[in-house]
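For clarity, chains are labelled A, B, C, D, E and F in written order, and residue numbers in each chain start from 1.
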Amino acid sequence: MSEIVNAGIQLALIILVVLLVPCVWRVVVAHSAAERLQAVDLLTTLLVGIVVVLALVEGVAFVVDIGIALAAFSFIGTLAIARYLSDGRLF
Amino acid sequence: MNILFAIATGIMFGLGVYQLLRRDLIKASFGFYILFTAINLFLLAAGAFEGTVPAYVDAQNEVISGGTPSDPLVQALILTAIVISFGTYALLLSFIVLASRRFKTVDSDEIDDLIG
Amino acid sequence: MTVGELLGLAALFFGVAFCVIGVIGMVRLPDVYTRLHASGKVSTLGLWGILLGASLLMEGIAPRAIALAVFLILVQPIASHAIAAAARRSGVPMVLNFRDDMPTPEQLPTETEQV
Amino acid sequence: MEIALVNAVPFALAACAMPLSRWLTARALGSLMAGGMALLFVILVGYLPTVSAQGALEMLIAWVPSLNLNLTFYIDGLALIFALTVTGIGALVMLYAGYYFEDAAQAGRFLMLMMAFSGAMLGLVLAGNLLSLFIMWELTSIISFLLIGFKGKDKAARVGATMALIITGGGGLALLAGLMLVGAAAGSYEMAAILNSGDLLREHPAFLAIALLLMLGAFTKSAQFPFHFWLPNAMSAPTPASAFLHSATMVKAGVYLLLRFYPVLGDNDLWTGLLLTVGLLTMFIGAFWAIRQNDLKGCLAFSTVSWLGALVALIGLPNGYGLMAALVGIIAHAMYKGALFLIVGTVDHSTGTRNLDELSGLRAKMPGFAVATAVASLSMAGVPPLFGFVAKEVLLKAMDKAPSAGIVLFVVTAAAALTVTMALILFWDVFMGKYRVAVANHQPAKDVSDPHHPLGDDAYAAAPHHHDAPFPMLLAPAVLGVGSVLFSFLIDPVIKPLIQLTLGTPISLYLIPPQIDLAFQLSMSALAIGFVIFITRSWWRALNLPKLPTGPEVYRAVLGSIDAAGDLLLKTQNGKIRHYLIVMLIAVVLFVVFSNVANVVDWSRARIEIKSAADVLKIMLLLLSLGATWASIAFHKHILAALALGMAGYSIGGLFLLEPAPDVALVQFLVETLATVLIILILAKTSTREREKVIQQAQRGTPRHSNIRDVIIATVVGGIVTLFAVAAVVNRPSRQTVAEWHMENSLPKAGVNDVVAGIITDFRGMDTMIEITVFGLAAISVYTLLTRPPAGKVWRRLQQHTAMQVGEESSEVRADTTPRLSTPLTRFAATIVLPFSFLLAMAQLLYAGVGPGDGFTAGVVTGLGVALWFVAFGYDETKKRLPWLRSGRLIGAGLVLAFVNAAVPLFFGREFAAITIFKELTLPASLKLASTTFFEIGIFLAVLGGISAMMEAIAHPKEVESL
Amino acid sequence: MGRLTYILAVSALFGITWMLITARLTLESFGVGFLISALIILLVGTRDTATMQPARLPRQAISLILYTLKSFVDITVASFDVARRVLHPKLPLKPGIVAIPTQDAQQSETIAALSAHAITITPGQLAVDFDGAKTMYIHCLDIDSAQDSAQEQAKRLKALRAILGKD
Amino acid sequence: MINPLLLGTIFVPLLCAAFGLLIGRFRTLQHLLIFGGGVVAWVCSVLLLIANFESGVQIYRVGGWEPPFGIVLVADKLSSVFAVMATTVVAAGLLYALGCKDKCVTYPAFMPLFLCMGVGLNGALYTGDIFTLFVFIELMVISSVFLVAISDNRLGLEAAIKYLFISAMGTLFLLIAIGSIYATFGTLTIADIAQKLATGERPLLAEAAAVMLMCAFLLKSAVFPFHFWQPDFHTTAPTPVHSVLSSVVVKVGIYGLIRMITVMFTQEAATIENILVILGVIGIFFGSLGALRTYDAKRMLAYSTFGQIGFILVAIGWGTPAALVGALVYAVNHSFIKSALLMLTGVVSSRTYGKTATKREIGGVGKGMVLTSILYLLGGMALAGIPPLNGFISKVALVQGGIDAQGWLALGLAVAAGLITLQYMIGTWSLLFQQAPDEGVKAKPTGDAQYAPALLIGLCVLFGIYAAPLVEVVTRTVTDLGDPSLYIRAVLGG
């Protein structure tokens, strides 16, 4: 991989990481729990992106597998919280 | 860099301790969780910190990508610690549910029948 | 720098750009319902771009990337739906409201947020 | 060997007493025991010639040699005097006891204790090893405790018994310490050796401690002031026990001890000063209080105290002047006091009272006893030619040689006069005058409701009317009374040789003093003064004396302050978990601070370098995780805090990934998700009202200072952990770790590319096995706690009925289990995610060796798939549509598979959990089969089962709270 | 027969997914994945009586591919549309919640779910809630775009039925 | 010597527990299976002890991996003695559970978790790896915390919550210590660490790690000031569990401390020993006075354990071989005595209608229970160190150790506190078995079976009268501890 590609990857990584900050801010400052949940959801989506880019940085393809698991199962967390918010009592 | 990591570990530990000392049992249980996360960071600092590539070998038994592998043993320890602390944590949470049913409170200051 | 790498970088930054837009949307848009449009859809396409770029830049990523992309498209809308439903049921109002066909649920929780 | 048998006989008889009481009457049993004791007496007499010819005899039976603990017997004159007293008086008391109790069972129980006591007492005086001496000493205390508390139902008996045990037991502990110091100083625990190492002991730095500890033991046992009060309080024991233990034998054990150690510890200023002071004080106080008692046994008890004081004072005299008098006194006292006790017992037995005010003129009904009492009382008063007179003569003569003899003699004479008064009261007020037995306040008739109770019952055969005592009840006191007369005339043939044998020096002892010396004059004046006091008793009895703190009061005050200290300590156990945690954390901080932890950090190696975007990312993620953690503290609302916590966890996962530790990162992400789901579900399961309440409490009810306190503690603890962490990271370059071996060998030896997987499943496979067990058990616990499944038959019956009828617990609430967010879309999601999760799981499981993921992650992945079902469908529908979901069995099966798989190599002669790679087996798609695959499957099943169990428990509609 | 076809068809789909997630694009790997998937569906799958007819499978496959391609285009368009609105300084929005019928004669929940999924990935629309399986409420960034939602929905349902073999 | 019997103490019971989970519906079968597992562990531990005397340290390399790269189980004399003690009491506890009338015993999870608690104990004693120690301790914690939470006593839950929080602290100390040790020496095998420490070099962190390790062990043994959880946690436990917790589970920390100062941190031993003496003396008084004044007969025994642990600590702190002999003899004997006493209290309290042991409600309930009364009295005497019971042997061993180490002050205090022990034991015996019950207090006609306590009291009497073998075993154990290279060579070879 050339220097430029490397630099590009690093830049992408930094941008993605910086994007986490507004998400955190939105989690902290929000009117409702649903908004916060949405911010967390976006944050985990960004993390999936970061994981994929990290696969490039580390040069190890199977890191993407972690992204798959993360995407698949942060979703379950989102759903559980959503259900909690809509039901008040879950079970 | 390593110093930052170590300091962050300490700060997280401090945060966990503060949280653990809340009278709200649910918050205290969060403190419990934070502490176990912090201890994983500590274990990482104690061992796996200097690596540049994952601890994998290729078919020729060479470290993949040719870098310095991070310490695999510490990773294995952390895995074990995570699993155990999670099991304990789940148990703690179920205790809190039971406490809210049995003692009608989740305030640890009010769960104080065992004295003397 | 090969064509593949060039395309890869392009796709990567395309994806990153969409991620940026998604986050901007989350900051700018007025309520949780509108923001879901931004975050849900945009990060889907954003991740696709990143995945495509990664697949082009490094071998071995492509199959996993496809699996991830398919999974994302299957699941991300459902997450958005769940959040929207939760917001609606927990009584989060629409800030911009031009039409509302949906009946109010009989038993809204008294507090807007759960403790 | 035979001496050991001699000592064993009483114990053997004790063991037989209870069984025999089924077939024998009380009297037969008593006679049998008495016969045994008499036989022993005869045997012991047979030792006299041997001992006088050969000196002390020794015999050693090894017990715990490395602790210097042997059963050694050491027989010399001193031992024989005491042993003869024990067996001789024992025989009479046993005989008496057989008539004292009418119920054979009670007699059996009593005689068992008495015989065991005799054995212990014999063992005590014959002991030739410090520790075996102590053992017997303690045994006598314990049996005395049991005998005093023989009537356990009576509160006074319980209090008295406990008091006696605490005081003599406490003295016993001091004695133990003293004896062991003696052993350490002398280099041996054997009596013979110790008696030869007097110089060694006297020059030992711990000599003072030794002497004081031994004296403490002796003083408590022999009821010396200020410990004397337990003895009068011990009078709730049945009278034969009082006669035997609390007059003739056990209370003399202290005296025996002092005599025994006189050769090595005695005859110095400390010894003389302490023994003389304490002894004389005891002598006077005992005599003084004796005449002020109403209870006959109380009188005897105090007068015993007085005489014990005299003995101790005698032993304290310098140059061994008092030893001969002490020995004579022991014999004399055993005779007349034993007799008096037995007589009082008979009086009590016959009339149902022991109160002086209620008794009078008994000579009419009990003429024989009147005579016996007269003899014993006269002996006690020291009237010639009775043996008591001889004893008093030698006592006064010896005291003449005491330092400050004037004062000493004055005290002794005063005490002697009071004793004379006592003797007169005993005889005159009970037996002379007009016959009268006031029966106003008798005990109610014996409670026979519980004849089988072993120890707690009333042993008295108290009769509301007078009934005659059988002859053998008179026999025992009569023999003792006769002894008092007879011994006066046996001085030359028996007493003198015995005492000479003991002291090893010739002594002079006469019945009639050759000239009227000071001692004789004092003795006579004591008689006169005592008579005067007796005459004026109606006057001084009415006198109210100023109240001084009495023994029991002091005892209670001491115990009370101990109690108060205990209560104070218990206040620290205040039930507040936060306080406990704070104390613990402070303690750890102190320990660490004082162990010069400041030096653990080599700051010169610390550095901050940012080399790549990954480093920036690390810093960002660190900040993010800290920020999110902080947010989880700042948010009061639980759901928000949980969200923040989830964010922190994901950030940490990112850090792991950057480290790079992909396996850990994967697990962290999965477990974080699982934890978040779990928290949310648990929040939903917890009462909202209670959670709101605690949040408000936390916001309003927390004082500022406690927050500051918590912040300080958190800061300090965090600082210490920082030190450790910094030390850990800067420490590294110099060392090699075992992980290098793992890197090199995971592919060749474990067949995996993922070294972490290799360690987890092979090199440290046992950790994983236990870890999975922990996880599975935690899940089972959660399940059991939240659902409380009943066992066995109930369980099966329940499965047939609907869940509405669960068990006896009626307080349950069964909620509608269909969740509100069960939209077609979420249900659809659940349906597709579950099989997908299984697919992912299988990929992780089968390719565990080449990429991140293993059996554990596979289990979590599928477990989350199942969790989604509970979220989307609720409990009932999930259980209906996923019939294979039996969490308990999944856990069990997984664990069994893991253990059995690990055990298989054992059958092929290999190690437990050894790896087998089936290399010859070619599988498609570069799959590899190894024994670890089955291990992974076991892990997978256990974890899947575990997470299902947790989810099922939380989703369970039953809100049981039966407690 | 129908049940077996269903299992085989789903297993084939899963087999492909298996190849992807294990990153081994070989026939062997597909075979392994197929077997594993079949096992999973047999052991773990729900006991629903989902069936398929072998003859219809090719048509279903083609419908699926077409639907996927159309969805792909929809998503891209939707994303650009949303991006435009988000980045526009004036935030051109006219949001609201619109009720549309799922119009599912067979009352199949799956089709209702899939149509909601489809709506959510199309431009500016988001399924908020359902009234059973009959009506769904969608949030639109621009309610004008939802004017012809009923027609759109009819087309969508048709495509979905074709995929599921229920037409 | 490689000895597979080590597996019998850990994996056979684990397998039994796992099978027990599968057959939870057949209660009798499950209970018998689990009890069988406990007995197997006991037999194996006894055989291991014997093997130790015949052929030295026994080890087992799990998976066949060489230490220090894999996990090794080590049965030296110290761990064998502790393990025999532990398995005996656990087997007795299981036996008690078989005849226990508590409701919690009927839950399918009860017996398997009970056995797993014992496994955790055995594992912690036998492991030669510091991280595996953590894992086994956690197994013990999880099992015990569940067993307490599910107790028939409603306050069991409160105690379990508190213990879980406090125990988490202990786990954290332990993990910090493990991390520091790994960062310092790059190994986890105790023998390997010992070997590296034996070179005399003290890299950064080694001493700090020792302090953390000490704190973790102190917490596990509920030593002042880490004791707060103990009275609550032990008292509210179901009787069979309590009898194991308060007797052998608390000894894990003691074992760890001895292991730590005799094999690993021999240079730091003196400092640690000073701390132990101070904490021990505090513990003796706190525990004894607490036992005297507390309101509950079970709680009294828990406080008593606190005090007795203090005695053991003081003896360890004296540091001489004779003192260590005292500590070990004391530890072993205390386990049997305390366990038996707890069971007997449980037997009496099972006769109360509230299943309580509070003094107000249990007074006089034992009236008429002849055998129980005699056994309890024997146990109480043994605890107070009255001859010829085993407690006396402990006391003699302890005092000889103290004299040998010239620990006068502590010795005096220890002797004085012995009197308090006598006082509370006698008081409680009298309360339970002699006093008439209070108004309105009634006893049930039947209660828990008392085979287990009878057996244990039998052991107490046996180890009193026939004490030489135990003392001999312990003496040789201590002799071996004086030479850590025995342990190191057995594990690492060479």
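Going forward, contacts are C-beta pairs under 8 Å (C-beta built on N, C-alpha and C of every residue); 3 or more make two chains touch, one makes a residue touch a chain.
A quick note: this is a predicted structure, and the numbers were derived from the prediction, not measured.
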Chains adjacent to subunit D and to subunit E under the stated definition are A, C
Min route length, chain touch network, subunit C to subunit F, equals 2
Computed over C-alpha atoms, the centroid farthest from that of subunit D is that of chain E
Set A-D beside B-F; more C-beta pairs touch across A-D
For the pair subunit A and subunit C, the C-alpha centroid-to-centroid distance in angstrom is 10
Chain centres from averaged Cα atoms put subunit D and subunit F apart, in whole Å, by 16
Cα centroid separation, subunit B vs subunit E, in Å, comes to 40
Chain centres from averaged Cα atoms put subunit A and subunit B apart, in whole Å, by 21
Multi-chain contacts in subunit B, i.e. residues touching at least two other chains, fall at 20, 25, 42, 45-47, 53-54, 56, 64, 73-74, 80, 84, 87-88, 91, 95-96, 98, 102, 108, 111-114, 116
Where subunit A touches two or more other chains simultaneously, the residues are 9, 33, 37, 58-63, 65, 68, 72, 75, 79, 81-88
Subunit C touches at least 2 other chains through residues 36, 60, 64, 67, 71, 74-75, 77-78, 81-82, 85-86, 88-89, 113-114
Contacting chain pairs, sorted by label, are A-B, A-C, A-D, A-E, B-D, B-F, C-D, C-E, D-E, D-F
In their shared complex, subunit F is touched by residues of subunit D numbered 62-69, 131, 134-136, 138-139, 142, 145, 149, 152-153, 158, 161-162, 165-166, 169-170, 173-174, 176-177, 180-181, 184, 209, 450, 452-456, 559, 562-563, 565-567, 569-570, 573, 577, 580-581, 583-585, 587-588, 591-592, 595-597, 599-602, 721, 723-724, 727-732, 734-739, 741-742, 745, 762-767, 769-771, 773-774, 776-778, 780-781, 783-785, 788-792, 795-796, 888-889, 891-893, 895-896, 899-900, 902-903, 906, 910-915, 963
Subunit E residues touching subunit A in their complex are 21, 23
In the complex, the residues of subunit C that touch subunit E are 18, 21, 24-25, 28-30, 33-34, 36-38, 40-42, 44-45, 60, 63-64, 66-67, 70, 73-74, 77-78, 80-81, 84-85, 88-89, 94, 96-102
Subunit C residues touching subunit A in their complex are 1, 5, 8-9, 12-13, 15-16, 19-20, 22-23, 26-27, 32, 35-36, 39, 43, 46-47, 50-51, 54, 57-61, 64-65, 67-68, 71-72, 75-76, 78-79, 82-83, 85-90, 92, 109, 112-114
So, in the complex, the side of subunit A touching subunit D is made of residues 9-11, 13-14, 17-18, 20, 24, 27-28, 33, 36-37, 40, 43-44, 47, 50-51, 54, 57-58, 60, 62-63, 65-66, 68-70, 72-77, 79-91
